[in-house]
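One structure is given below, encoded as structure tokens.
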């Protein structure tokens, strides 16, 4: 299988250097790669580094990030902007704060659509409703008129996923997309990711500190520890025989070892 | 031992005697100053507050009676001006002592005059005496006689001594030893000053009692006029020297006994046109403003009676010329204020080729007659006058734009850039003598507002005024001087370089508990007869 | 609440209509001095009496309302737009740009405005019509009044630009003016509204104060500012309550505007 994304980066913040130390990772086409690691180990840093947005938080990154064979590190801001949203989508942890409280859902989605597309209001409207349907939200104009405060958390996260896949990006980065959700919603959203991958055939970098959700959804799993990927193999394999001591520790900390036959193996 | 006893007895007597005096008159007179006095040296005083202190504490050789406007003997019992106005010989009063007990002698007068004329001291009071180059010569002829010779003749010399408080040459207290009715007992900067009666004051009333009647004067430092009026209403101060027409009306309504209108003051409100040849105004406007017909027409188009009645609530009088009728001696009584007469105004304008076209005045070349008048912002009366003049002039088809400016920008335009068309201002006159107006009328002067600092007089009438002003300054006979100055007033009336509008009334508010007050137009309006004022009780007032 | 709004709207309509139609409604010219009756009490001829020069106060209030009602909000709008631009961009861009802009704003706030205004007045020609002078005055106020609001806006914009939804917008490819306009400005609206409504009465009163410096509306044109200046000498007006009409009008109009607009425009 071809690598959709392959990276080898180092970087961190001025107050905290070395969050990523020559960290290497490869994502294959159409796979879901689970990235696990302790809170604060640098997973979100990596996510932003891929989007080349780390400078917003005052961080720096160097090395190489190749997406579909293109070196992102060599791209200018303008070219990166064209990639964000259209080639790489992002979903964040907290759905409520990820939506602009002052804008209607429709406006936000439309804005995200218009960043990369030109078209009539009608075309835009059609695209949005289609995506709402893709993420199992009511595909009706009335829904688009709502403000974020009028949505449930689960609905909000679906909206965000709809927004992230609006332009069918090749890569979707989901940074702890379920951590803020209750268990039932969590599993719904997990299923949604699986269905999104199925519908759009996209690659998903699924970041979480929660091993169980990663276990349910991912094909392969990467373990991040002290700025490096210490282990990156098919999920089931890792759970069966974790190689690295840190991975072993992580798995030992779980109350039950999940049965993985169903989720993995594609 | 015995000497000590004598001293103690004397002390007791002194205490008793002041006690008796307290019972008869006594009390404290209170009023407000705008600011702290800048100095206590009477020769260096130039600000209002200091002048108040000088008036209350200083002893002078002769005093200008504020009511009669005549000079009266004070420390000098008689004097003679000779030598064409250069020399004055004085005889001093006997047995006068300073507040600290030092006796007054002609040496003190010599010392004061030498100080006054000392170029190094730069005395503002001395300026009036500096008529020529050279030193002043003082010759002490005896303990009580002295001759003073100035380098050049000075017109109206004797009245100038009203401003010169005599200082002691010997007293260890220096300028704090005084000859006036009070001395400065306490000075709390920024808060108040307390003056106590001078125990050695020489003046006595007709019944032989030593003056002043009032024991002490408390001068409160208060910048804010509103607070000042409030304090008067609360009875915390006894009078306000000068109030505006609105407040006068209010006092009149509430307590007529408090309101005093001393009649026409020396202050004048007037406007003038910019006649400076180098000003940035367009040539056609310069032509308007230098035309006598134009100025006379404007003057006649202004309804002075209305200005008085409305802008000043009737507390003013239409003005005729540079001298207010309040200046009894110098006013030229032949002059009447220019009457309001739009028809005559239009006739005068027609002589210069101005004509009305659809109700709008145009000049000979078809320029619409529009100009601006500047005045200082924040002066309610001037703003009112300007707005009224605006309506008056629209009556003869002139568009007037009223512009209020802050004082510094106004002065800048008036004196440096000459970038203005007409200006409305007032003049506070403190001096009766025409010499004080010399700098306004001489065409070479910086203060010749309508066209200052001329090398040679721009017009024949300005040349004539120059000649007359110089003539009156060098004449010695007062009648002769008056004749010259009357002519100056007539030319000013005829040519109207300044269009005089109104003379305000001198208004004051005085608590009824202050007795024997006769407010006058000259400063200090209310307390000019301070040593004769007394304080009555409330009960006494009510009957 | 609903009733209050309807009342407010009705009131504003009446006031605006009356002031816009002042030429027809006003019983007299705002400038004409009825010199026989200065300082008159209300009567049939002069509904609100006359001012110190005998001008019909009711007519002056109508014309003055027109001037202030049009120009003070215009100036406030100008100030708010400037504040949004300066504060918004500074807070949004952040870093040294923000530090520089805010330092400049502080400097701007600490400048001795009176002197600058005086200089400005000194530069203006003397023969300007009253209407021009009033427009200049309010334009100046608008140009000068933004700084305080800009600080507030900047603080808000900074907080916003660090929020998740802005990060997400950036991750969707939005950036620059587009991001500012579509994501920041809608969120700055409440602040801007607040600043706007604070500025309106402030400007009206500032205009009155400028009159004392000779910068305000030139005679004989009335404005709320010049009408309010009648109330300056408090001691002499206490017996004439009708002089307070302009003040009351100012208060009621500003609060009505507030009532109507806050409810209509603000989401949530």
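Some notes on this structure:
A, B and C are the chain letters, set down in written order, and residue numbers restart from 1 in every chain.
Note that a contact is a pair of C-beta atoms (placed from the backbone, for glycine too) under 8 Å apart; a residue touches a chain by one contact, two chains touch by 3 or more.
What you see is a predicted model, and the numbers here were worked out from it, not measured in a lab.
Chain contacts here run in a simple line, from one end chain through to the other with no loop closing. Ranking every chain by how far its Cα centroid lies from the centroid of subunit B, the top place goes to A.
The most central chain, judged by C-alpha centres against the centre of all protein C-alpha atoms, is C.
The geometric centre of subunit A is 49 Å away from that of subunit C, both derived from CA atoms. The distance from the centre of subunit B to the centre of subunit C, with each centre set as the mean of the Cα atoms, comes to 44 Å.
If you average the Cα atoms of subunit A and of subunit B, the two centres end up 89 Å apart. Among the residues of subunit A, none is in touch with two or more other chains. Chain contact summary for the complex, subunit B toward subunit C: residues 226, 229, 246-247, 249-250, 306, 309-311, 370-372, 374, 376-378, 380, 383-384, 386-388, 390-391, 401-406, 408-409, 412-413, 419-421.
Taken in their complex, subunit C has these residues touching subunit B: 31-33, 35, 38, 52-54, 118, 121-122, 126-130, 211-214, 218-220, 233-236. Residue ranges of subunit C in contact with subunit A, taken from their complex: 163-165, 167-175, 178, 182-183, 186-187, 189, 267-268. On the subunit A side of its complex with subunit C, the touching residues are 51, 53, 56, 77, 81-86, 88-90, 92, 94, 97-103, 107, 111-112, 115-116, 147, 149, 160, 163-164, 166.
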